[in-house]
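Next come two complexes built around subunit A: one with subunit B, the other with subunit C.
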Partner chain A sequence: MFGIGIGVLVFGYWRLFKWNRERRRLQIEDLEARISLLPLLQAEHDRRTLRMLRQNLEEEAKIMKDVPGWKVGENVFHTDRWVTPLNDELFNLRPAEELLHKKFGFQWYV
Partner chain B sequence: MPFVNLQDKLGVNIDKWLLAQSGEQPYKRTARCHAFEKEWIECSHGIGQTRARRECRLEFEDFYECMHRQKTHKRLYEMRTQKEKLMKEGKYSAPDHHTGKEEPRP
Partner chain C sequence: VNVKVNVSSAVLKAAAHHYGSQCDKANKEFMLCRWEEKDPRKCLNEGRKVNECALQFFRQIKTNCAEPFTEYWTCLDYSNLSELRRCRKQQHAFDSCVLDKLGWERPALGDLSKITKVQTDRPFPENAYHSRPRPEPNPVIEGELQPSKHGSRLFFWNW
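Then we have the complex of A and B:
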């Protein structure tokens, strides 16, 4: 009886290992698909970032019109280089829910 | 012992990899403030500390700002409070794309 039990166990393990290897191959295929689409995804992301920055700039000009001594679109850095904007900066004037989605939306479990 | 460069003498790299964010990183992933730190290090290398404090002040301030983002956060906070003040007084109503009613685009 022990033999039967251990036999069933070993058979189960063998099937598991085979299927896991197959899953690994499928996952590599998914990752390769993502790699090949990366230029598109990066371009979309960049366009979105620039759009949000432009909207923020225009809103800032409207909001801070009457505040004395405020330079619209002032760069906090002394350099002219492109500094990737923070999530906080992009979602500053939007409802806080959107920032939460951006930060933690990819988590499917708590 | 700074005057006895033991790690170079023995040819090992015990903690030199820890020193700067701009050093060699695993999987070649860059730090967020890589450029600022590199600029600061390149500016202040070789000259002494006193001279570096004076001459590389701008690079250092940029690096500090990148790390801690104090000026950025202060600016964002002021913008937000001003916006809320204006909304309470009724002089400003947020456009659609700032109230979550934007139509989804790619």
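Then we have the complex of A and C:
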């Protein structure tokens, strides 16, 4: 009786391990799909960010035209390397819906 | 001219493995540039090449293997999580079609995650972080070092 029980248990474990290995292989496949798509998505995201920064710069030039002593697009940091802009900065002059999409859109997807 | 790659996510995932093996060169160069320079403004040219390669890739699929590909990605779209294991039949059909017409092989499991060496003409950027000049290292201590007299002299210990 014990033998049968333990036999069933061990058989169950063996099946589990096999299926887990299979799942790991499937996960590797999914991750590889992601790896191969990353450059495309990164490039598009970069272009979008730069375009939004450009538009913000032009808007800023328009808005702060008459303020004395304001350098348009002045760097807020003491360095000249690339600082990744914050989401709030980028989407400042756009409707709030776009910022929400950017922040939480992935949650809805997952 | 920058044209967006106008496809949806299921399509991308369906074609991802072949895309990874075909457009490998442009992708790796772009990623290398991005990682080394840490500045998206410096990598716009490589990004453009990536985009062109992707467009070329999808154009080739459309002209040659449109039918099996459409079936494959509609099948993937149907499942909730775009699981690849639900669509093995269509994947097989698509793979054989692509192999016959274009000679592309699907990379084996684990091939896309291998570490590769990338060859570029771009020189390695010095000081990608734009850091200020580092201070001089400490000069070499000359003379014999003796254990200190009267012990360690830390607080009250004198041994």
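In the analysis below, the second predicted complex is superposed on the first by the 81 of 110 C-alpha atoms of A that agree within 3 Å, B and C clash if a C-alpha of one lies under 4 Å from a C-alpha of the other, contacts with A are read in each partner's own complex, and residues count from 1 in each chain.
As a convention for this text, contacts are C-beta pairs under 8 Å (C-beta built on N, C-alpha and C of every residue); 3 or more make two chains touch, one makes a residue touch a chain.
Keep in mind that this is a model prediction, so the values were computed, not measured.
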**Asked** After superposition on the shared chain, which partner residues are touched by A:M64: those of subunit B (first), subunit C (second), both, or neither?
**Response** first
**Item:** Touched partner set for A:E97, first subunit B, second subunit C, both or neither
**Value:** first
**Message:** By the touch definition at the top of the document, which applies to A:E44: first (subunit B), second (subunit C), both, or neither?
**Reply:** both
**Prompt:** After lining up the shared chain so the two structures overlap, which partner does A:L26 touch, if you call subunit B first and subunit C second: first, second, both or neither?
**Reply:** second
**Request:** Based on the superposed arrangement, let me know which partner A:F77 touches: subunit B (first), subunit C (second), both, or neither?
**Result:** first
**Request:** State whether A:E89 touches subunit B only (first), subunit C only (second), both chains, or neither.
**Result:** first
**Shared subunit A surface residues [contacts with subunit B and with subunit C]** = 44, 79, 81
**Complete:** Residue positions on subunit A within touch of subunit C in the complex are 25-26, 28-40, 42-44, 46-47, 49-50, 79-82
**Asked** Where on subunit A is subunit B touching in the complex?
**Response** 44, 55, 59-60, 62-64, 67, 74, 76-79, 81, 83-84, 86, 88-89, 92-95, 97-98
**Fill in**
Note: in the complex, subunit C contacts subunit A through residues 2, 4-5, 12-13, 16-17, 19-21, 26-28, 30-31, 34, 38-41, 43-44, 46-47, 50-51, 54, 83-85, 107, 109-113, 128-130
**subunit B - residues contacting subunit A, complex** = 32, 35-36, 39, 58-59, 61-62, 65-66, 69, 71-73, 75-76, 78-80, 82-83, 86, 92, 94-95, 97-100, 106
